[in-house]
Amino acid sequence: MSEVAVRPLTEHSPEEIERVKNWINTEEYKEKNFAREALVINPAHACQPLGAQMVAHGFEGSLPFVHGSQGCASYFRSTFSRHFREPAAATADAMTEDGAVFGGQNNLHEGLENAYTLYKPKLMPIYTTCMPEVIGDDLNAFIRNAKNKGVIPEDLPTPYANTPSFNGTHIHGYDSMLNAILKYLTEGQKVEGKCTGKLNLIPGFDGNTGNLREYKKYLEAMDIPYTMMADITDVFDSVCDGEYRMYPGGTKLEDAAESINGKATISLMKWSTTNTMRMIESEFSGEKVIMPLPMGIKKTDAFLMKLSELFDKPIPQSLKDERGRAVDAMTDAHQYIHGKKFAVAGDPDYLLGIVSFLLEMGAIPYHIVCSRSNKKFAKEMQALLDTSPLYGSQGSVHVNKDLWHMRSLCMTDPVDAIIGDTHCKWVARDAKIPHFRIGFPVMDRVNIHRTPVIGYQGAINFLTVIANKFLDIKDETCEDQWFEMMR
Amino acid sequence: MSEVAVRPLTEHSPEEIERVKNWINTEEYKEKNFAREALVINPAHACQPLGAQMVAHGFEGSLPFVHGSQGCASYFRSTFSRHFREPAAATADAMTEDGAVFGGQNNLHEGLENAYTLYKPKLMPIYTTCMPEVIGDDLNAFIRNAKNKGVIPEDLPTPYANTPSFNGTHIHGYDSMLNAILKYLTEGQKVEGKCTGKLNLIPGFDGNTGNLREYKKYLEAMDIPYTMMADITDVFDSVCDGEYRMYPGGTKLEDAAESINGKATISLMKWSTTNTMRMIESEFSGEKVIMPLPMGIKKTDAFLMKLSELFDKPIPQSLKDERGRAVDAMTDAHQYIHGKKFAVAGDPDYLLGIVSFLLEMGAIPYHIVCSRSNKKFAKEMQALLDTSPLYGSQGSVHVNKDLWHMRSLCMTDPVDAIIGDTHCKWVARDAKIPHFRIGFPVMDRVNIHRTPVIGYQGAINFLTVIANKFLDIKDETCEDQWFEMMR
Amino acid sequence: MAERKPIEGITKERTEELIAETLSAMPEKAQKKRAPHLGANEPSVSSCAVKSNKKVVPGVMSQRGCAYAGAKGVVWGPIRDVVHVSHGPIGCGVYSWGTRRNLMQGIPGVTCFPLDFTSDFQEKDIVYGGDKKLEKLLREADELFPLCKGLSVLSECPVGLIGDDINAVTKKMEKELGKLVIPCNCEGFRGVSQSLGHHISNDSIRDFVIGKREFLDAPGPYDIALIGDYNIGGDVWAAKPILEEMGLNVKSIWTGDGEIEKIASTYQVKLNVIHCYRSMNYMCKVMEEKWGIPWIEYNFFGPTKIAESIRAIAARFDDTIKEKGEQVIAKYSGMAQAVIDEYKPRLEGKTAMLFVGGLRPRHTVGAYEDLGIQITGTGYEFAHQDDYDRTAPEMAKGTLIYDDVSEFELEKFVEEFKPDLVGSGIKEKYVFQKAGIPFRQMHSWDYSGPYHGYEGFKIFARDIDMAINSPTWDLVKSPF
Amino acid sequence: MAERKPIEGITKERTEELIAETLSAMPEKAQKKRAPHLGANEPSVSSCAVKSNKKVVPGVMSQRGCAYAGAKGVVWGPIRDVVHVSHGPIGCGVYSWGTRRNLMQGIPGVTCFPLDFTSDFQEKDIVYGGDKKLEKLLREADELFPLCKGLSVLSECPVGLIGDDINAVTKKMEKELGKLVIPCNCEGFRGVSQSLGHHISNDSIRDFVIGKREFLDAPGPYDIALIGDYNIGGDVWAAKPILEEMGLNVKSIWTGDGEIEKIASTYQVKLNVIHCYRSMNYMCKVMEEKWGIPWIEYNFFGPTKIAESIRAIAARFDDTIKEKGEQVIAKYSGMAQAVIDEYKPRLEGKTAMLFVGGLRPRHTVGAYEDLGIQITGTGYEFAHQDDYDRTAPEMAKGTLIYDDVSEFELEKFVEEFKPDLVGSGIKEKYVFQKAGIPFRQMHSWDYSGPYHGYEGFKIFARDIDMAINSPTWDLVKSPF
């Protein structure tokens, strides 16, 4: 047929619609769906510059600066504001067509000057979006020129990262930007033999400020001096007291600069700090440790013991008690979660943490979906599952599969619940199962980002939400004769 | 007709059943229901000795001792264990028929000796159930005799309280026992001119150990030395570490003894500490203050400011920030709770706290039910409602009305949700609305008692549960066309 | 029944040593009183090792309840179509409201009444008596709950002490309301445990209920009554279908999900099959004497006992029933075996200790054994001699038998025997979980169930496996 | 329309002073660029005070989006029965997935597609081009979503830079798949704002959609198309019924809850009624030129404007419609008055400042005024001259008009004018709430809505009252 011919409206019969409605839940559909090679549907990840911006927000007086279209910056800012329900001040040099022809230097210079003059940042981390990456802007030269021209002061720290969106995900942008900022700020700061005695703690790409506060609580309880890198705690969990502060927190620049002389550096997210840790490995003094996100009891134990070992400090009674209470909560509630099957989606580090927690509860991590990662991650996850023959053996790991794949998995091989960010809600609805929100972004519930899921308290928090939701469902759906006072 | 005649089984027609099923939801039924004079149905309160036992658990090495039937003790212990999911070691002297004839002295003496020998308590608070109260046992004499006979050591503290179940509720038993213990332990301890510089904090009958921990956090943050009275924190939120401890915590006896020389005493539950505070008013040195349960921002502000004033200590930045974050959470989430109508049931002090919080959120406390209190309380509640013309004016206060009355209220004049202890779940089910559990007892969900609802963090916790539940309901019940990514 | 082979490490000597050592911590008088209640099992000896049904020793921390608990909680509460009034102060009714898990069908507040009705005694009621108030509240209850088939009045301690005459009131009100109004003088101070509450309730049924109604349809040869199943977690709903599949006609249930008028008509059945012997054997005997109805005990825990019970019950009837009985056993044996195949490998060789009430300390033993779990100690809260007589043969030689065990004793016993699971009540649960010992509440099925019948066995097996094999126990011991 | 009386405290002088002071903080070049975009309102003067549709000034923190956002988010996304492919890297599709609240009917994944479809460009696609991948994924999409009525391809930045030819691919695939396959070259770097994305989308509709289908039933005298309503929070479902009650026949909607083939057939209608002039006026003009279809702007915010609009639209038809129009106004005026009576007393005398897109900075003014709220400042993210011309008469003299306002400027303006409410977007929301200033998102209706029509006004009033009168604002200032 020819596409110019005028045709009457197409109509589908109710039967046809019903057929397709059922068909998309079938094994046959699942196979077609998994046969996809080009189309991605409902991915559970975002692009590099978003991650870069999270890091850029995490330093004292820092104004994230996007070299690219203003539209990109608006998308990143909106995403952070929806997740944290907080302001996310960032700017852009608003490149347009002519940039394609002449490159983005003019925009960059004008943007730097205006941003610096209006918002008086102490730090302007610069990161790129598609356009400059495709046309190959030389950021290094552009920024140098800007300072030579006096557009911005020579001494204004302007670390930059190339964060092409057509490569990796937000966690890689996080890595590149953090790497760039630390390299920039620590340059020339290393003093042989000097040791600040401090811990450099790198939380990784974590949209949960409650987690970060929990880390600080541990370090303070153990009396370990520390610098938290890209510390978004007070930036994205700031007070409401009648005054808007554009720069409400973040890692102090001097602390970041001194971090190169630290006593030790710990990254709690292997997968979102690969290059950063490689750089630190070679440049920083002190010990370097990569540990898993401390979800569940055992990984939290490991974290605290490592701290204790590195700083030769005892684990205080207060934390021992917290552990005891968390274990108490877990033994008391195990019967509400034991044996339940979960579908889980998210970033690699979070997935490893969630699965550890589920295995400790006797739950079954069943469909494990990471919409962008690699074989190495799949192997690491499989190894974790293998540690629990009784509860891990049924789990299947799906790397580079999206949430539409996950839908097929849940419709053809049902689970009791889904754990993942807000985007998972569509699968949860179609599968008629509860959805426990965790990760980034969560834009349809409140205070999820304020409620820690790491550490002992995090284990209590997470199991409380899960167990009580299952109990809500029981009470709400049972017949009268099964409705009871006690559960 | 005669009751001896053999009759065939009675049968009700489906129509008749349907009629009654609908009838109990009517205005007509409500009127009959409210006309009740003798029958109480589904009360939201328990008896005095239960409250006495909670106090008795709250001291170092204390073994609660019931003078009465062992059945009473078993009921109290079961109730605490179901609520806290913790052990509740208490014993009884197991009075039986003959007690009615000869009185309970023999049981008491034998019981004291056995309990002391087997469980080696440092303190044995004694409280009564119905039987000895009806037959009029003279506990004072009995206990004296026991010590004279050497059944238990002279120096074993054995405060006792008469806690008749046919009078008042659990909060009055709490009051009597606390009064008795403090009087006993402080007797002769008063030293003119001496001041320990400490605060005596009386939390009142509170089944939420998270609240108590929160108070401690505040006092420690403000560097105020304190003694928490009847401190059940570590008793009913104890660790699971492989060792069962019969006496895992509680107020130190020396501290309790010294409390009479304290710098100040604050009760945070007026209604469950009336007599205790009267005694303290006359016996203790230092300032005495009765404050409302600090739920919501304003009452927490008042509490902290009072602490600051009494001890001349500034409110630290950490608490100012916590306040700012709580307010932030409330402004961010107000739209999910604003204008929603709530039915609330519980003890007077809790009700006053919950209503304050609801008014601060712009919610409407609508049916307020206290199944045992008095006019004075009703007036106090009304005064609180009157502080908010916009949101308090629709609230009606129902004193000495039970949960079957509440059912009629909710079925004839609907609300959006119910707040109260587990017993409220039946009304919530019939009214098909969510039930937010708070108070005592909660025996159908986990960790409610670990999650503070007082103070700034408590406000965040409570609004999080409420707002997210309403959002769950929206997502779970809306048609496809109203199902959305953002909420 | 063949005597069990001894359990490795469990000997009469070790057990008696443990008992002696435990007693030694008590004052002499208490030792004297407690000693007879503790013993090492002798399966062969007909009359068992321990004394029972004696007063609680004051102060030792018994787990027992009272007569009211036995009457309201156990016997009466489960009857679904009756308004059960806790007559006296507020507490007893509240504590026993919805805390036993005796489930019921019907529409709450309309045709069934899982509510707390109480006269909420105040000072003045103690002084002036509560009879007038009782009369009035019975009227109010009947008006607000017109479809209730009866009202029961369960006395709390004060009532019996102040000399109220509830029987006169109920008599009058039964006339006035034209439905069963039953008095039950089950004051908590009566007797030594729940047990007397059961008996008093049996008496009330004998004197005020049974014989007052008759079934609508004519009696049949296969009419039976299901006695002593309280439908904990739905047990009745898992047990009754088996009897029905056998071809039997279950006319009434005592008292789980029971109906008062059917109980009143039970004298018309051909056989009473009784599960909880302790709480209901008296009424079985009454029905036997007065109406010549035979009765038989049975055990629906675990496939082995279920099969035995089906055959024993069927033996009381003709070949049709016997055949059907065999068919039922055959029908479910596959499912039962599948359950065993799934869980036994994970449970084989584990041991458990029990302390419960009624029938469970002996009746559940077989179910554990079906899963490869051995019971090293068991005991009852409120048993009598005949219970222990029935228990001895179910336990291996030398195992611990404890009556009305105190918290002190049970802790010591568990500490020494180190079972993989303790099955007891809510008051004991967290004591042992703190010690890292898997535990299941065996009064309430720990908010699970049913555990009766084949369906129940599947759930029982899952729960026991979950408790023993939960990975949370590996977390208890801190590495630091 | 009568000119509004001045707002107390708002004068041309004060406003211009504020603007000058604000500009003074900027580098000279930026001042020069920004100055023309800020002004004090002159209702009388036909041509308005401010310049617009110019490039964003780099670095000032504009709130603008890009052409892709205008195409995917605004025009295309709302069309429910089309698979909209975000062609390029992963991000754009994810950020615009479900974040505009353009609701749609149908079965998700079957007959409507609120999903994120993307080609998820990788390095290799940049190097070797994405046309092959595009062709393949269109095939995959059509196979997995057989009931989609079309597929749109929305280019992201790289596509236009690497010289892919998506138009060739869509042309080929339209042939192959036998359904509409539409290219839209809306790379984010094109133009200065979302606005060009709207225009490019209009072009795509003109070139690849309209005229390709025809309605099944014969054209009627009352056939209209509803243009420029994107069904935010259900707006279309509150607006369309009003037009239908007027007796009009809404044949297609552009594009909220819209259907692509009905859009393709719109050339058959008699009148286009347009709400969002900014994003759709071009296609109205095209249809006017090519098919002689007249069009009319209207405003369904608040009873005053709704009534005006109903009459204006009705005036384009015969008396039947005119009468029905009056009936509709009469029918709802009571309800509207009730809303005003409830909320106006609590809102009278309050002021608000707005900064949104499309039509709202002017169209919503009347709704606020119906509630007694005066607008002291307004502006657009991506407006053109004609938008501001239409805005001037709606605002009082001397009020602030700001185009593409930067965060720095808006903060200053709000600080000075101290409005009781700010209505803008998610990026601005928390800035002002931190300052204790009530705020509503006026792009997304802050997760509420609809706000159109009479039903919408009720919700709008409730929300504005809730925002301004929430007691939480009283808590912001700490007493210590």
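Letters A, B, C and D name the chains as they come in the text, with residue numbers starting at 1 for each one.
Criterion: contacts are C-beta pairs under 8 Å (C-beta built on N, C-alpha and C of every residue); 3 or more make two chains touch, one makes a residue touch a chain.
In this text, all values refer to a predicted model and were calculated from it rather than measured experimentally.
Asker: So, comparing C-alpha centroids, which chain is the farthest one from chain C?
Answerer: Computed centres place D farthest from chain C.
Asker: Looking at chain pairs B-D and B-C, which one is connected by more C-beta pairs in contact?
Answerer: If we tally the C-beta pairs in contact for B-D and B-C, the bigger total goes to B-C.
Asker: Give, as an integer number of Å, the spacing between the C-alpha centres of chain C and chain A.
Answerer: 53
Asker: Mind checking the centre-to-centre distance between chain A and chain D? Centres are C-alpha means, answer in whole Å.
Answerer: 32
Asker: Do you know which chain B residues sit against two or more other chains?
Answerer: 82, 85, 238-241, 320, 323-324, 327-328, 331-332, 423, 426, 443, 483-487
Asker: Which positions in chain C touch two or more other chains at once?
Answerer: In chain C, residues 97, 99, 107-108, 430, 433-434, 476, 478 touch at least two other chains, as defined above.
Asker: Have a look at which chains touch which and call the overall pattern line, ring, star, complete or other.
Answerer: It is other, because the touches fit no line, ring, star or complete pattern.
Asker: Okay, in this complex, where on chain D does chain B touch?
Answerer: Per the touch definition, chain D meets chain B at residues 97-99, 101, 103-108, 234, 257, 346, 430, 433-434, 444, 446-448, 462-463, 466-467, 469-473, 475-476, 478-480.
Asker: Can you list the residues on chain A that touch chain B in the complex?
Answerer: Chain A reaches chain B through residues 82, 85, 237-241, 320-321, 323-325, 327-329, 331-333, 336, 422-423, 425-426, 429, 443-447, 450-451, 460, 463-464, 467-468, 471, 475, 483-487.
Asker: Residues of chain A touching chain D in their complex?
Answerer: Touch residues, chain A against chain D: 1-12, 16-17, 20-21, 24, 29, 32-33, 36-43, 45-47, 49-50, 65, 68-72, 74-79, 81-82, 85-97, 99-100, 107-108, 110-119, 129-131, 134-135, 164-167, 169, 238-245, 372, 404, 407, 423, 426, 430, 443.
Asker: List the residues on chain A that touch chain C in their complex, please.
Answerer: Per the touch definition, chain A meets chain C at residues 297-298, 301, 304-305, 308, 315, 320, 323-324, 327-328, 330-332, 334-335, 338-339, 359-362, 388, 390-391, 480-487.
Asker: Residue numbers of chain C touching chain B in their complex, please.
Answerer: Going through chain C, the ones touching chain B are 25-27, 29-30, 55-69, 85, 88-97, 99, 107-111, 115-123, 125-126, 133-134, 136-137, 140-141, 143-144, 146-147, 149, 156-158, 161-162, 171, 174-175, 178-180, 188-192, 194, 211-216, 261-262, 265, 406-408, 411, 425-427, 429-436, 476-478.
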